[in-house]
Structures are given as structure tokens and as C-alpha cells.
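First chain written, first letter: the chains are A, B and C, and each begins at residue 1.
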Amino acid sequence: MYGKEMYEFIKRIFPICRSITGNGVRETLSIMQEYAPEIKVHEVPSGTAVFDWTVPAEWNVEDAYVENEAGERVIDFKETNLSVVGYSLPMDEYLSLEELKKIVFVEENQPDVIPYVTSYYRQRSAFCTSKNRLNALKDGTYHCVIKSSLNPEGSLTYGEALLPGESEKEILISTYLCHPSMANNECSGPAVSLFLFNYIKGLPKRKYSYRFIYIPETIGSITYLSRNIEYLKKNVISGVNLSCVGDNDDYSFVQSRYGNTLTDQMMHNLLSFHYPEYKAYSFLERGSDERQFCAPGVDLPVCSFCRTKYGKYEQYHTSADDLDYISPEGLAGALELLMKYVQAMEHNEVYRVMCLCEPQLGKRGLYPTVSKKGSYDAVKAMTDFIAYADGTNDLLSISNIIKQPMDVLIPIAEKLLENNLIECVNKE
Amino acid sequence: MYGKEMYEFIKRIFPICRSITGNGVRETLSIMQEYAPEIKVHEVPSGTAVFDWTVPAEWNVEDAYVENEAGERVIDFKETNLSVVGYSLPMDEYLSLEELKKIVFVEENQPDVIPYVTSYYRQRSAFCTSKNRLNALKDGTYHCVIKSSLNPEGSLTYGEALLPGESEKEILISTYLCHPSMANNECSGPAVSLFLFNYIKGLPKRKYSYRFIYIPETIGSITYLSRNIEYLKKNVISGVNLSCVGDNDDYSFVQSRYGNTLTDQMMHNLLSFHYPEYKAYSFLERGSDERQFCAPGVDLPVCSFCRTKYGKYEQYHTSADDLDYISPEGLAGALELLMKYVQAMEHNEVYRVMCLCEPQLGKRGLYPTVSKKGSYDAVKAMTDFIAYADGTNDLLSISNIIKQPMDVLIPIAEKLLENNLIECVNKE
Amino acid sequence: MYGKEMYEFIKRIFPICRSITGNGVRETLSIMQEYAPEIKVHEVPSGTAVFDWTVPAEWNVEDAYVENEAGERVIDFKETNLSVVGYSLPMDEYLSLEELKKIVFVEENQPDVIPYVTSYYRQRSAFCTSKNRLNALKDGTYHCVIKSSLNPEGSLTYGEALLPGESEKEILISTYLCHPSMANNECSGPAVSLFLFNYIKGLPKRKYSYRFIYIPETIGSITYLSRNIEYLKKNVISGVNLSCVGDNDDYSFVQSRYGNTLTDQMMHNLLSFHYPEYKAYSFLERGSDERQFCAPGVDLPVCSFCRTKYGKYEQYHTSADDLDYISPEGLAGALELLMKYVQAMEHNEVYRVMCLCEPQLGKRGLYPTVSKKGSYDAVKAMTDFIAYADGTNDLLSISNIIKQPMDVLIPIAEKLLENNLIECVNKE
């Protein structure tokens, strides 16, 4: 569902050179607003104190290259924006091959790919290229140019959109915009988030409010949290951070700090039915913005949802994480899982059967009338639902206990509500 | 123990045509009163509202058959009362073979047996026979006769007997009387229940009261509960529903809704020592009156105890569940397990050792006096009992912890009580 | 560490004939005072009531032998003090070989070894020898002499030493002195305990107080507890009973009654990193003074720590448990584990990170500044420590969660404390 549309969107934003600050983020958000005008853009000035951190100077890069004596660009930002180390300072120098090699990063074990490298918090000027290309360079003098700027008067940019529901309680969907030209990590997250936003916008009604944020990783989530933490702690009942949701391999999630929040339980349940081979990574294997959302004292009930987890595929953080690595089907699979998550959240009531002993389903046309070997199974999901609709279990618990997926149980619950056989009980 | 006597009793009640109402139930109860005159018979008028249900009209059947053109009975209630679908309305019609086949049930996968079929809540007239016999019928006209009555002025019949103990707290033993001529399901339950009743009646003293009920399945338990639920909820501390307790194969039980009541724990413990290969079925595999006893809001601490569980043997609900399928030994094995359950319940005190540090067993003649490799093992059950008789564990817990069966521990507890080394502690 | 010194100490005390009372205990304690003058010696008069027991008469033995007609000693206390059954009454009799055999214990399955046998609570006079030696005896008359005394005016002797700390809360280290010439069980316990005492005495500071006791097994711990139980119950937060800590094989411990005290958790954690194949024996396999320390109502948080557990090696309680069975390395391994235990107890604070979201380690020189595949792992122990330093976990919990040994985490905690990134939180 929406696989092609998401893929087309990614093709538009893939070439943009994003970093944790700068015009790449703004340009990407501007394209996203075409799809979802509700997205508001926020700017936080460089130098702002955010918890233990400071919003960095704004970095932009216009061009960067290494030219050999023949005037040929052997490393070229125009070819791929991975060629320059993120947050590189401007430079214009002539270096020997030996000197050049000191400021070029390669991926030792994958000689064909260009690694993705950043240096946000230590000032340097450096390039990336493939090991093969670097090894092919001959002795000589190389002209190394980086046309970048690091503006202490700049700002950090992020996007935010809210879909209000009947309740102030909200579900937080986060993803990040700070990576340059890599497809899975991280054009896929913004793509799936954007189409999930539009799916929820189209629902006939919403019990919960849904907050979508598009931020740079780490410093962006720290900045966002520092501005909104009291509100979020009061209202967020569940949330998902999206990263690497476009490939065709695993389904996985990174558990919260203790792996015990509603979101953890939802992910376990949904994935166990959708893709029983799913992987539930411990918080010890964290690495994306769950690091901040689940930090001590922040404690938001947020998990990171991935297809193949960041760091677990060899294309990760290299030029091989390109448009061929992801697919419309991969993106659609992730989106569908998240739609199930939204449906499950919206229907996750505590149910209670309204009579003592089993109700007589037969007189309501809900039960086969001949008792015979096997006939009982036909309505098993319904009778099991009723058996555990005892005023203590929500939809999720019932699903876990009776081993039926929530999307099978939601229409059953609705039919039983219509027949006045069950009622919803306040959770508190 | 009592295996033969139970088997003889079953031979008497096997031929009777029982259903959820009618004279078959009364006739069976009348035979049972010969063994246990304490059994009182109750009648509940048809039409009485019982929770979400209504007591049905009373069904009786005098005869039923299908006669071919030669006047031979090709299906005959007199041969086996399984031949008529339970609650069939009267009929007297001439049908073609093709028409006949529409009202005859067979067991597709077991061509030699006659299935057991009922249609309590949808009015119809129908027969059962074996697939082989049906297939052997030739074209022609068949005279189909059912001499039955469905009396809206009738009643539902059940039996009940109470053995009062020192305490008003009671243990409920339930089984059902609504099945026609099938031996394991369900002549075995009434047989074992009846002899368990007489065993308990013969005990020198009873701490608890014991309530035995003999009811039709489902509508009977719903009816019984609707009349007694407040009393039962207040007083029943444990209970067992008996079904399929006469074969020689498994020992098993169906757990309560959450599998965590005292009865569940007792069953796990007793069966783990008695028959370590026992099966503990989840409530998701329920199917007998535990469905009502453990329904939300009813919540009695009741499990169903079986040898091979209903539905788990191929003879189940067919004419092959006959007197050859059960045995005196099978019945006796079930009865003995239930006797152990009664003994365990009666002795399930919380014990507390009366001195600090280990008591000196030697000076009381309870310990070998030479310390040597191996000699310690001799009194291990006793010293382990004392180690966990710490005022927090009942007999059941101690048994679970020290891995000794309760029937080994009961005489140890008695010896320690005599020596004033332990005392009983009030549970509350 | 200290392996040789411990072994040399053991060589000194090995030959002494100890029992649960008598001069052997006094002599051993006197040697120990050379190493630790803080050890105080206590005497408890015979006949003193101690819980369910009575302090026995004091036993001493000067000589014991069996002489053949040729005047040769075929069993001789001077050769090994295992030759006489502990607490044997004096005797001077001439017996036939047949009569002699009735008062000589051998180890049936190990024909070369002399078993260790005692008879504290039933009066008898008896010998031990090897099966081979007994079988070699010829018919004839044997002169059986035991020069022992059982003095009802004597006393039971034990040693005790306290190392006070900042807190009155204390850690109890117990071991026993009642075994004659056997090396692992039990010269090793006193040796390791003594050197652990001196290690703790040398620490620059002590948060907790450390109480060391050197007692006879069973009657000694019962006696000690009967005199000190209220104080111990109030102050002991953890404790270890040492037994069989000198061999080169297993590491193991015997869990407390429910296996859930701080000491149990410490032992699991320390051993899981130190020796992952360690064995955690259930309290059902108890056999040393944990029987008294963990008895109902005593309930001290004490485990028994062993290399190969008593009773689990074939030399146990025989003359084969000699100086060759233990080694300096075996003793040192046990001592080092106990030093880790002391360090862990001293640093087992509850920590809390002092900022929201992850702290910026980089600006404090605690984090690599280039983000690149793999670089994150370098500070993983530190970031994981911070992630779980949330004000609910002590050092032990953090170690268990993040799977890093406590001795790796202690310097990390100290570095973070220096940087004001974490603080210690009161446990209550």
C-alpha cells in the first residue's frame, strides 16, 4: 500500500545533502510540506543550551572535491555528497598523496563503497571515498577544496505536525532527516512517516492525538525534548521512532530501556503475528533516537521500529545504501505494520462481558446450532475473546492470551459491542 | 481401588438414554441414590431464565427408527440410543434415499462408528448411523419415525449431595449426566464421583465440606450456578469437574482461566508425582463445565480432571466410546488420584518450626547418630520439610519446593506435630 | 595472590586433631592469632542450652590404637588422627578379630582410604581404617586402646574478629574449625578466611564492618547464633560461609533458603563472569553452616561458597582429602573471588545520571569524536552504565543488565562521579 508513492518521494529527497543543521534539512521539509501541509518548520538558534548539549553552528556545503594534477576530480561532492565528511571546515590546499590519505576515510572491508562519516564535535576537514579509488591514486599533488560554512549565527531545523484526536493523550512518531544520500538510513523513515501521517489524517475518527516529528538524530531529539519534555511526559502514551524501514529483509524493533512499555508489548504482539521471525533487540543494542526518548528521566514509552536494523546490514552507512537497496514493497510492509499499530492503539480498550457464564451466542445467530465434533472451533476466536473479556484485559492482552491477532479481534469486539454482550471499561 | 464396583455401576447406567432433560437423567439419579442416598434430586421448570439462557423444554424419546421397504429397521434407537439426534422433534415420514441422507449424520473419517449429535437449540428431526451402514442403503423409500416429545411444561433435573465438614468452606465435585450410551464420556464421571463421595463419607473426620453435583453439561451448570452463585463464590475454595475418567491412557486436567488457582496448583503437584507425563491443558482448550465455573465473574477455583481429555481420543462422541474403551483399572487410577487430592486438601496447612536453627532430631530418635557419608540422606524429606516449614508455606508449597509428594509429607508433618517441633499457622 | 602463604598456614594446622570441642580448636586458634591478633577466643561451658541443643561435654584424645598380638599397632592415632571415631569414649580391651571389626569403620567403595567418622551424640568407642588394611588383619586377639576424655565441665571454643567500618551494617564471614586432618574440608576455609581478613584490614577505607567467625560446624553455629542472633539479624546485610575452598576444580555456592538474598545475587554475578561454568546449588543440597544461618527465623543472607562443594569430590571426608588435594592456586582463586565480593559490596551504590538525555561525553574527553562504524563500541560499557544509572539500579543490577563485570564498572562509576555526571542515591 502506497509503496510506489513512498518510493517516488524518496527519489526526490535522496540527492539532497542533509546534515544535523543546514539547508538540506529545510529543503527536505519543504518537499514534505507538499504532501502534508500540516508540517510546521521550527528553527532553534545555534548556541542554544539543550540539556547537557549545545545546538551547534549551522553547517552548509556548496562543493567539495579533490583534483589531481590533470585537473580531474578524483573525489567529488557533486558525484555524491558522501564524499565530504559531515561538518568539514572550509579548505583549499595542495597536498601530496601521503598527506591526502590522512584526511580521506575509506571502508576497509568493503573496497567498493564510500563510507558515511561525520565529525560534528571536533573541527576537521576531510573526505570519504572508496578504498579502491583511493588505492588507484598515483603520487603527485592534489588540490583539496571544501567550500563549506559553519555559521554560529545559524540554527537547527526540524519539522512537526499534530493530528488532534478526541483525547489529549498522544502517540509520537519520530524519524530523522540528518543523513545525506542514503536510502534506507534515512530516506525511508521520513517516507513511511509521511504516508502514515496521511493515513491517520484520513481515518473517520481518532481517539488519540498523533504527533509527528522530523528531526536531526541525537542533537535533534535532545533539542526537541528539551523544549517539550514536560508536555510529552504527561501526554505520550506510546511512540515509535522510524529508521531503516525500506528494505525487504527483517522486521525488528529496539526495545525501550526495560522492554516493558505498552509500545514494546504492541510491537511484540504485532510482529509475532505479522512476521514471527521478527527480532526484538535489547536496549543494549540501541543506536538511534530511542537513546534519548528512553534515557533515564525522559522515559517516554518509545521503541525504534526497523525492517533490518541500522548497523545490521552491510550497506549501512555507506554509498551502497542506495535506491536499489530499498523497494516499494519493503516500504509498504513497514507502513502496513504501522497502520496495524495505529488500529490496535485506537481499539485497545479493556472489555468486559455483561452476563455471568457464557452468553448464548446461538440465539443471536453467532453460533452453529448443531453440536458435533469440530463445530465448536468455528467461533473459537469469539468465545475465547469473551472468556478473557473479564474487565482486566485490554485488546492487546486478550490477543496475547488467546493467540489471535488484534486485527482479527477488532471486528469481533465490534460485533459483541453491537449485541450488548460486552462493554468497555475505564482503564483507570 | 473400587475399580470393579465402579465398572459394574457403569454397566447399569450405560444403556439409559440421557439428554440435558428428561427421564434418562431421573432414572440415572435414582440408581445413584441406591449407592448414596444423600443425593437429592432437583427439578427446574422449563422456561426458567438462567443468566443469558432459558431452561429448555423437556425432551423424551420412546423410539426412533428408519425402516426400509422390506420393513427392516436400518437405523434403530433400540439398538443404540445414539441413533437419534438429541432433541429431535417427532416425525413419521416416508423419504427417498436422497432425502433420508439429508437428515442422517455420519462420522466421515470413522466409517464404522455412529456419531453422537445433538440439536438442543434448533428444532429438527434427524438420525445418526455409521457411514458404512448409510452407504450400504439402496435406493427406495424409507419410513422415518421418531417418537419423541418436547414438553415446555417439563423440567431440567439434577442431583446434589453435601458432606458437611468442620468448616463451611467447601470443595465442589461436579460431573454430568446428559450423555446417552457412551462409557467414558460420560458414565465414568458419575461413577468416580459417586465412589469418591462414599470414600469421603467414610473418613474419620472432615475439615472441609464436600458438595457433589450431577448435572447436565452447560445448561445444567449455568442453571445450577444461577441458583447458587453467591453461596458458591463465598465458600468454594477448590473444585474439580470430572469428565472422561475411565480409560487407561493419559492423566490430564484443564486449567482454570488463568491457570493459577489452588486447584490448578494441586493438580500440577499431584499429577507431577503420580504421572509425570500428565498433560495440563490451557483454558483455551476448555470444553466441559469449566467453561461456566471459570467464566468471568463466576471465577470458581475449578479445574476439569480427565484421564484422556474429551476430544483427544478418537472414540470420543461416537459409539466406539463403549464399555470396552474404559476399564476398572482406568477408573480406579482416577479415583485414587482424587483421594490424594482430598487428603492433600485436608492437610494443606501452613506449618512453622517451633525452634530457631535446626532442631536436634537425634535426641528424639528421629535422626541416625553416626555421621557418615550418606547417612544424612535418610531423613532428608524430614529435614527439608522443617527447612521450609517457616510459617509461609503450606503443604503444597513445601511439596513443590522440596520435591516430595504430599502423601509422603503428611505422615512426616504428623510426626513433627506430635513431637511439638512444628505448629500449624492460620493462613489468614 | 597469597596462595603460598595460605598453603604454608595450612601445613601448620593440618596435623592438629580438632573436633567440635577440645584443645585442637584452641591450638588452631592460637596459630591463627599469630596472623591476626584481632581474633578473640570465646569459651562456652558444656551443658549450656543453645536453642534446641546443648553444648556437649568437651572431648580430648591423647592416643588411640589397635595392637596385634605381636605388639604392632595396626591402627594408630599417631599415624593419623582419623583413626579414632570422633567423641569416642576411653577403652582398653582385648577383642577377637570378629569383635574388632564391629567397632572399625571403613569406606566400602574406596579400599585405600580411611573414612572420617564422628559420633557426637551417641556414646561409643570406635576406630576407622582403610578397607584394605582391615581385610589384611589375621585372626587373633587385638588390644584396643583409646585414651580419651569427655569432660562435662569443659567448654566449646570459637574465635571471632571484627573489622569495624563506617557503617554498623556488617558482612559476616564464617568457616569452621572442627575437622581433624583433612585439607580441603576443612583447613582451606580458615586459611582463606584469615587472608581475606588481612586483605580487608589493609583497605584504605571500609564502608561496612566485617565480622569473621571460626567455629565448630553445626553446634558451633547454633551456639554462636544463640548468643548473637538479635544483633546479627539487625546488622548483617550479607555473608558467606567458607568450606572446601582449596581445590582446583569447580567454583560453586550453596544458595540461601529461597536463593534470593543479596548474597545469592552477588555470588551469581561474580561467578558468572569469573567462572561461567560455576554451580549454584539449591538449599536442598545444603550441608554446612548455611543450614543454621538460613534456618527459618534465623534468615541471615548467607550463602556457602566452595570451590568443589563438600560431598561432591571423592576425597571428601576421607584421608585422601590431604595436602595434595589442595593447592596454592586453588586457595588463591577462592581468595580472589572473595576480594571481588568485598569490592562489589563496598561499591554497590544506587547511581543516578544527573542530566536528561545522554550526556555529551565528547566535550569531557570521554568519547571518540569521529562517528564511524564501530567507534560507538569503544565506550559502550560507559554509555550502558549511564543508561541504567537511573536511580533504581545498584552496581549489581547494572552489571547484570549490561553484562559487564562489576570490577569493570567500579572505575567507570568513579570516573563519572568525578565528572559530576552521576550521583549516588540513598537506597532507602
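Going forward, a residue touches a chain if its C-beta (ideal position, glycine included) is under 8 Å from a C-beta of that chain, and two chains touch if they have at least 3 such contacts.
On a predicted model such as this, the values are computed, not experimentally measured, just so you know.
Asks: Can you name the chains that touch subunit B as well as subunit C?
Replies: A
Asks: Is the contact between subunit A and subunit C built from the same residue numbers on each copy (over half shared) or from different ones (under half shared)?
Replies: different
Asks: Compute the rotation angle for the C-alpha superposition of subunit A onto subunit B, expressed as a multiple of 5 degrees.
Replies: Rounded to the nearest 5 degrees, it is 120.
Asks: Taking each chain's centre as the mean of its CA atoms, how far is subunit A from subunit C in angstrom?
Replies: So the centroids are 55 Å from each other.
Asks: Any chance you could list the residues of subunit A touching two or more other chains?
Replies: As it turns out, subunit A has no residue touching two or more other chains.
Asks: Can you name the residues of subunit C that touch subunit A in the complex?
Replies: Against subunit A, subunit C makes touches at 352-353, 355-360, 362-363, 369-373, 376, 384, 386-391, 401-403.
Asks: Quick one: which bits of subunit B touch subunit A in the complex? Just the residue numbers, please.
Replies: 51-53, 105, 107, 115, 117-122, 218, 221-222, 225-226, 229, 257, 283-284, 286-287, 291-292, 295-298, 311, 316-317
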